[in-house]
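A, B and C label the chains in the order they appear, each numbered from 1.
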Amino acid sequence: MEQHLFVLVDLLGTFAFAVSGALAAEQKRLDLFGVAAISLLTACGGGVIRDLCLGALPPVGISDWRYLATSMAAAACAIWARRLIAHLEQPILFFDALGLGFFAVTGALKALLLQQNVEVAILLGLVTAVGGGVMRDVMLTRVPVILQKEIYALAALLGAAIQVLGHYLEWRVALTPWFAASVCVALRLLALRYSWSLPVVQGRDRADR
Amino acid sequence: MEQHLFVLVDLLGTFAFAVSGALAAEQKRLDLFGVAAISLLTACGGGVIRDLCLGALPPVGISDWRYLATSMAAAACAIWARRLIAHLEQPILFFDALGLGFFAVTGALKALLLQQNVEVAILLGLVTAVGGGVMRDVMLTRVPVILQKEIYALAALLGAAIQVLGHYLEWRVALTPWFAASVCVALRLLALRYSWSLPVVQGRDRADR
Amino acid sequence: MEQHLFVLVDLLGTFAFAVSGALAAEQKRLDLFGVAAISLLTACGGGVIRDLCLGALPPVGISDWRYLATSMAAAACAIWARRLIAHLEQPILFFDALGLGFFAVTGALKALLLQQNVEVAILLGLVTAVGGGVMRDVMLTRVPVILQKEIYALAALLGAAIQVLGHYLEWRVALTPWFAASVCVALRLLALRYSWSLPVVQGRDRADR
């Protein structure tokens, strides 16, 4: 059962990140194939790093057709439903936030299912959630999401931590992922909406290389 | 026999990408060692990702001396034969196109030899072909090749797909790689020469982060 | 005994790179959590690539709590001891140089302990030493250290080579790492101080993509 649940949440994250990747690629005026490629990279990049670190090879993102199909469907949606999506205020960031939540959970969950320790589970949750978006931004020479001032990586960490906590406290297996992902997505969206940010370390005055 | 053929094609791709990396590093006025390092990274980056995903460790790019020797020889050629190379219109893109073709084939071929499925073979062909060039551009803060408008990743996908098709249709083992690589290189060079590009998704008017 | 020595040198490198990452993140005005995240990435990025290439999974950087604790302690030091650190001329480059030396040694040493060949040991020394700093600069959109003109990667290569040489010549196990790391750090710091650089390949006149 856990396996099915895992795949479902992982595909939801794949869909959300694929949309954000496709939108970002469109904005940079890439051609149709470029949009599909960046969409796939954004959707599967985080999961590939997770699977490499866990030794779960080949990574599901490149070996399981459902991930490829989900990415391509998401890219097609992003292109065809552009009018609808345009009603969102910042569509890329919105779908990025959704993916962040789902992948924080699946990164942690897969590590736990493979008997890894708490630290691996939480850090892989963070890395899986953040990885795809960072690759998208590096490839498209956009300012990386992690440099933006609203709470981002902390939301992913929180989502992963809740999933791990639920696992050890034996919360209901079928509900924990949804709860953890919701907290992460809600925190990120609220941070964007109300410009929540953590304190900034006061910068030095001197220029420094 | 397939093993020897694989190494030959892989070394040809290594040579071509090493030249493109060396030329790009020279242009950024890196020192001699920097040129050698970027050359090696460009040449072996794609193959290392391929081997990590296939669990073929340690990656041949860092464990087999022939790859290192080929990269260094290519970097030396790029430096000493500068006058000759300068007759080419866009030397970096020319050698990048050659490497693209060879690596699309070896990425797919190695996956097939290791009994992976069709999807893994085609996607790893694409990733192997594109990986080194992307790393080169990210390290040197150049505009990534994938953002340029002429057909690029599609050519790599086509090369990988032909190699996979040939494998399943049992074409002559010794000829398939050359045919697949030629199609990829020809498509890429023609796209550069005649500015072939795929349709661009019509951009949004509104600014969007 | 070698195992303990390895962990000690690896943690020293982790500390140094974590400080450099935290300082660079502060400079880009990231929030507290962003500083911690970049600090961890800089500190563990090189080691994670090393472990992925060696198949030593999961990478110690994400599975051994001492690495996480060291990174966090280093980030805290970088924030609280800012006044002290500010007396250094170029704090980021100084700590980067320290990390470079320690990681060149541990990259080579771990490969040797896992019975890899000389080439793998030297190249992984180089990659481990350079990897974290490159990730830091790419994530923060800084000019990558490798593009700067003073000797950088060559120092890492030298450190790794000395460690490998000492291993084969059976120098005293407890002293070799310190000697190799010192040579690397000294070369890098002297290069920064006296602007030592390798010859640059004379650039082409023609513009070239």
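Everything below uses one rule, namely that a residue touches a chain if its C-beta (ideal position, glycine included) is under 8 Å from a C-beta of that chain, and two chains touch if they have at least 3 such contacts.
Keep in mind the model is a prediction, meaning the values are calculated, not measured.
The best fit of Cα atoms from chain A onto chain B calls for a rotation angle of 120°, in steps of 5. For the touching copies chain A and chain C, the fraction of interface residue numbers used by both falls below half; the interface is of the different-residue type.
For the pair chain A and chain C, the distance between C-alpha centroids works out to 28 Å.
Touching of two or more other chains is recorded for residues 52, 55, 138 of chain C. Chain B makes touch with chain A in their complex at residues 52-55, 111, 116-117, 119-120, 123-124, 126-127, 134, 138, 143-144, 146-147, 149, 151-154, 157, 197-201, 203-204, 206, 208-209.
Looking at the complex, you find that chain B touches chain C at residues 23, 26-35, 37-38, 48, 52, 55, 57-59, 62-65, 68, 79, 82, 86, 90-93, 138-141.
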